[in-house]
Amino acid sequence: MKLIIATIKPFKLEEVRRALTAVGVRGMMVTEIKGFGSQSGHTEIYRGAEYAVNFVPKIKLEIVVPDTMADQVTDTIATAARTAKIGDGKIFVLDVAAALRVRTGETDDDAL
Amino acid sequence: MKNQIRTAGVATALCALALPALAQDAAPDTTPPMADIGYIFTTFMFLVAGFLVFWMAAGFTMLEAGLVRQKNTTMQLMKNVALFSFAAVLYYLVGYNLMYPGDGNWIVEGWIGAFSLAALEPVGLADTATDLTYASVGSDFFFQLMFCATTASIVSGTLAERIKLWPFLFFVIVLTGVIYPIQASWKWGGGYLDAQLGFLDFAGSTVVHSVGGWAALAGALILGPRLGKYKDGRVHPMPGANLPLATLGTFILWLGWFGFNGGSQLYMDTAGNVADISRIFANTNTAAAGGAITALILTQLLYGKPDLTMVLNGALAGLVSITAEPLMPTLGSATLIGAVGGAIVVFAVPFLDRLRIDDVVGAIPVHLFCGIWGTLAVLATNPDATVTGQVLSIVIVGAFVFVCSAALWLALRAVTGIRVSEEDEITGLDVAELGMESYPEFSKG
Amino acid sequence: MKNQIRTAGVATALCALALPALAQDAAPDTTPPMADIGYIFTTFMFLVAGFLVFWMAAGFTMLEAGLVRQKNTTMQLMKNVALFSFAAVLYYLVGYNLMYPGDGNWIVEGWIGAFSLAALEPVGLADTATDLTYASVGSDFFFQLMFCATTASIVSGTLAERIKLWPFLFFVIVLTGVIYPIQASWKWGGGYLDAQLGFLDFAGSTVVHSVGGWAALAGALILGPRLGKYKDGRVHPMPGANLPLATLGTFILWLGWFGFNGGSQLYMDTAGNVADISRIFANTNTAAAGGAITALILTQLLYGKPDLTMVLNGALAGLVSITAEPLMPTLGSATLIGAVGGAIVVFAVPFLDRLRIDDVVGAIPVHLFCGIWGTLAVLATNPDATVTGQVLSIVIVGAFVFVCSAALWLALRAVTGIRVSEEDEITGLDVAELGMESYPEFSKG
Amino acid sequence: MKNQIRTAGVATALCALALPALAQDAAPDTTPPMADIGYIFTTFMFLVAGFLVFWMAAGFTMLEAGLVRQKNTTMQLMKNVALFSFAAVLYYLVGYNLMYPGDGNWIVEGWIGAFSLAALEPVGLADTATDLTYASVGSDFFFQLMFCATTASIVSGTLAERIKLWPFLFFVIVLTGVIYPIQASWKWGGGYLDAQLGFLDFAGSTVVHSVGGWAALAGALILGPRLGKYKDGRVHPMPGANLPLATLGTFILWLGWFGFNGGSQLYMDTAGNVADISRIFANTNTAAAGGAITALILTQLLYGKPDLTMVLNGALAGLVSITAEPLMPTLGSATLIGAVGGAIVVFAVPFLDRLRIDDVVGAIPVHLFCGIWGTLAVLATNPDATVTGQVLSIVIVGAFVFVCSAALWLALRAVTGIRVSEEDEITGLDVAELGMESYPEFSKG
Amino acid sequence: MKLIIATIKPFKLEEVRRALTAVGVRGMMVTEIKGFGSQSGHTEIYRGAEYAVNFVPKIKLEIVVPDTMADQVTDTIATAARTAKIGDGKIFVLDVAAALRVRTGETDDDAL
Amino acid sequence: MKLIIATIKPFKLEEVRRALTAVGVRGMMVTEIKGFGSQSGHTEIYRGAEYAVNFVPKIKLEIVVPDTMADQVTDTIATAARTAKIGDGKIFVLDVAAALRVRTGETDDDAL
């Protein structure tokens, strides 16, 4: 199994979720994060003093899928999340050693 | 409540004793005697104005709670509730008679009033020959107390996020019990600033606002800036955590200010007086608007984006600026006086930062700088004002309050310490000093 | 609005019919007839006091919304808006005449008032020979209604986070339409507590606050504590989610209380009465301050850290404590009466927890315990009070309200159930019962 | 402040000049002359009602800040502070005399008032023979100004989350300086709607609320809905980010409305007038309650779960509905009029969505639809109302305001653009246009 | 070492934490997330318009443990978090290449 | 590639970010978390009742870097985040199988 970690623009969440559901993803974990990357770096002014805003709001998705689905899921996210503007985000893939569904005790691919 | 028999009975009986004048003949008639009417008007006006000024305590609380960082919010709420409560009790125990000794009761005539508990008239004015030309002592006490508390509220904003609770409250006790009343007696108690210098300060640009500002400035200098505010030669902004609260606080203050300035007319017993109060309401409002608009336009021009916190400060700046003379100006001059106040704030906030004086909510620009400006602006609108009277009084009051405050802060620093530890400041006062977070929940579940 | 021709015309015409007394000769003169003046003063006082007490509805709402957990916030807002609305309508439909039947209209003299819709005077007092010695019925109705609504607000805080919406509202309907007005008639309607027992309760420490408290206590006992509050023999605190809101709510209540107590003087038609209202304002304020300071110092001493929620409760405790007699005490005694209230709260909150009575916002300590204390304290400050009158009335009112409330809660529990399912309680009422979160956003983007 | 010597001196001196009538003989007596009393009553009433209506500006701000998404909150706060400030200054510069030219000063009699700065009476009414039959100009100006600002507040809610700051403020300037005052002069300035059509609109269901509503509707049509609100043929709700704020805002508005409607009685100089103001307070309150309860029950029935935001809108709907005639109805009819308003809102909100008119806070249902309903409801409760007078006036005012507003919005769209870029809208106006988040903190640490 | 990622129902946090402490877990990272899975999918109504609520609040735990403890920790979480109702959550196990305690510089198993 | 997960004290975020930028890290994901560890365990009092506060606010960083940079990044974080007081945090390193930049479609090391 693979853990796919994707960081996307917040307003793309719903679109990505729908696209993923369409290809058969049945679960994921969504976290509100701050992203640091090439997109960042504008300065703001608060009460007359400048300061750099280095972080931008992002959404992080974590999805565990069977090995066979990993590429398709990656592609789906990439397609749905793309705006072609800076800051679209990254996708990382990691190996997962084991999975368990708490409710039923099913393991690995059955747990997803 | 509606228990007409008892209450009316008592009231009428007591009044009958006290007020023989102009009695009506019909037995159950409750038409007020002619002589009472002006007294009722003015007293009730004080009560209404007084509750509006009370409401300013909530305004300061919300403004400050919105402009500190989240980790210090509970502490800021605590300080504000506590400071008001202490001010209320101290003004009763010491302040009121120190400020208004009345004729012949001064310890040092014109300089130091009387030390005694405040006392209200007896119930129903029984057995007293009350002077009906002014208002009830109760309403006056209630109204004046709120001004005293305002002074303390100003200090809490500047020193937020780093000062310890109890030394701060101790300072408040001395400020509201002694420092404020003594200097206020010089003008409003009929002391030497009033009698000798002809100082004019209608509702307290100097007597209230700059006093709070001087006390705050002394504190800010002795306490030092928040950790990390000025580092590597740069200013590091620490944005307020909750701007809706700050905006609500500003609206509350704006509302309360109608009582603050309007009530300072002190009489509502004639058409002339009530018309004057109306002028004051209209001028107060337009000065705030002028301040806000100026800050809006200036921050747009200077920084390319308008700054809400400056606009809020701008409205308050307008209010402070008009406070020394809200009656005489026309609507046009009032707007301009307020507008200048708004401009002062926009420039003073970064100026203080350049001096590394860390004023969390902008209280020094708003209350001290605009307090001075407002006191000087009287020269332009009230022909009775003199340059000597205004300038000297600003200086005298400023020196007195700054020196006393600085001495007190230094003493507190020496004895108990006034600043939380570095670690506590980083953790935040809410967790470190109170063990209570303002928004404690982590998970929504 | 400014349409002088029409409005003035109507008004003058109507008045001419109604009020021939003391007419002025000049044709367009609108100088009020002498006989009207006291009536205008008192009526306007009721309107001002009434809107202040109205504002307390917002205070309870914010206080409670701040002290529940986030997952129940929308529900708490909903309950408060709804309970006020139902109270307003029920007091019109039933409550007002049940509480104030007037002479000779009682169903059971001194015990049960009249059942009929509240009716205001005709427009412009047309064709009526209005009794000008008190105030307009409209203003009295407006003012009294707010007291009735207050009683219901007290209940919602205690029972928060687990009670179902509609059974709660049904209880409110009966409380504000029947239970509150009946017992209130015994004292304020001139019933037997007033006439026979000489019970003294100026603004309602018993008649309003303890009544809300008893109804809440009955509900808390029957409803049971929140899931997980008392587990494994220990108390598990569930901190309020938003302390700035709770603090705002407290300031709102403090402000509204000036109307609550001040307006209960019922007359502002003489110098004596307005001076009394002033006393009441000053005493009310200082009692709140006394309560807050006491809670501050006590929590510091007992727990090593001051507890903001206790300080807020302390201020309210001071206010409830002074409510039974805000007029007679001196400033000093008022402060002490409030301070005792503050102490009661600090000890009563953990005491209730030991009894496993789960009161989310501390309404029972504040309104019931301090309501009783305040009613007893009258004995110390008002020579007209008798031990029998005070104690017996506390007991009678308490027994009546507790028994009626308990019966109603038990009936509701039997018929519809009053408690949400365990699952819904864990999920939170906002999502489970309303499908609407108070702060619904997950991502800022 | 308490500086009796100076202030009293000035006041008495000035009054002595101005008011020779009915002087009292005792030298330091401040009993008001009989002729002053009605003037004092009415003027003070305007000041109290005026500060209550001022407070509505805070109410709109909180309501709107609570109902927008978090990313647009700072902007919504900014717009509301700024619009009030501009309204205040514009009403002084242009609006007041345009609305109330007085006899013989019209540019076009009954249609277009006068262009000149508002001016208050001289201090202490010096050297003027003031008409003592009404109230001070200052109090009238203060009160009327607040109505003008209300109109602008209505617009900001509908157009939230997508309109640019400066074009919006430009619109506000024209609306408050020109559009509002001109149409208001037709009725309240004694213009042709009043004189020729016998139009009745006591406190402004049409003159204020529907005017704001029409301006908002024109804006909503020209500006278009928020991105993503209507997609794929469906409505995509965008829940308000902070329901406690929205609820607080509603309570503030409810409170302010007592001033809005009560003050519109315009006189408090007789028993009849103050009794009428009392009726208005009671009716206003019960109409709000009726609206809230109706929305509560209807959303429960229609959707299975009550909707807090609809209940809040329902209370406001009740308030707007009673505004055209808060005096004549009985408590029962007032409740029903409010209840119909509540029902209108429940159906109108999804109806507008079906038309793809995106009104962020429901201002069009509340202020426009219920404004019309309230104006028509006058026919049922005030025998002086005529179908022609009411209907024609609704249409005329609507057409005038809608056409002017639409023209202005179109012009602004052509010249500067009125809508932020798609990207800025997605990012949120706070970061994109202001660079300032309402809750900026990420980490609590 | 293993990284154990568990998503659980928020109200189970305290129970799970206690159970984990009991078996010797001495540290973890807790994140508030939104979960998407079979549990989701109810519709709400806001101002007369229906909309789907696809995400439910969840808590994510991340715990790094020596390989030897992995199974026990997984079991412990599974037991403590189970309500047997839908949405109980999942547990995923990943390999960890290295660990470091910042304070002391200890590495790998010593760092945990 | 490696995924470096670091949990640090919140007030250290800016310092760590600067240090990382200095050594060439060009992106990261930042999450607000609650940490459980040896640092925790003080008791608080709320309305007269004691309760244990087991979690402390922490910041979690997730950074994907080429294998060659992993050690340097770990060291940099360790240095910048250290206060030598309890609770300084941990750093964990995991293997990443694949990476993708959504905007450009670049993969693996190029995506970082």
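Read from first to last, the chains carry the letters A, B, C, D, E and F; within each, the first residue is number 1.
The rule is short, and it goes like this: a contact is a pair of C-beta atoms (placed from the backbone, for glycine too) under 8 Å apart; a residue touches a chain by one contact, two chains touch by 3 or more.
This one's a predicted model, so the numbers in the text were calculated from it and none came from an experiment.
Looking at B-F alongside D-E, one finds more C-beta pairs in contact between the chains of D-E. Two copies of one sequence, subunit B and subunit C, touch each other mainly through non-matching residues, since under half of the numbers at the interface are common to both.
Equivalent interface to D-E within the set A-D, C-F or B-F: C-F (over half of contact pairs identical by residue number). Taking the mean of the C-alpha atoms as each chain's centre, subunit A and subunit C sit 52 Å apart. Chain geometry summary: the mean Cα position of subunit C and that of subunit D are 30 Å apart. Residues of subunit F in contact with two or more other chains: 11, 30-32, 34, 45-46, 55, 58, 94-95. Residue positions of subunit C touching 2 or more other chains, listed in rising order: 35, 37, 48, 132, 239, 242, 248, 305, 307, 309, 426, 435-437, 442, 444-445. On subunit C, the positions that touch subunit B within their shared complex are 34-35, 37-38, 41-42, 45, 48, 52, 69-71, 100, 132-134, 140, 144, 147, 187-190, 194, 202-204, 207, 239-244, 247-248, 250-252, 254-255, 258, 262-279, 281-282, 285-286, 288-290, 292-293, 296, 305-309, 311-312, 315, 327-328, 330-332, 335, 426-428, 437.
Taken in their complex, subunit F has these residues touching subunit C: 45-49, 51. Chain contact summary for the complex, subunit F toward subunit E: residues 2, 5-8, 31-38, 54-55, 58, 60, 74, 77-78, 81-95.
Partner subunit E is touched in their complex by these residues of subunit A: 1, 3, 17, 26-31, 62, 64, 94-103, 105, 111-112.
Those residues of subunit E whose C-beta lies close enough to touch subunit C in the complex are 11, 34, 44-46, 55.
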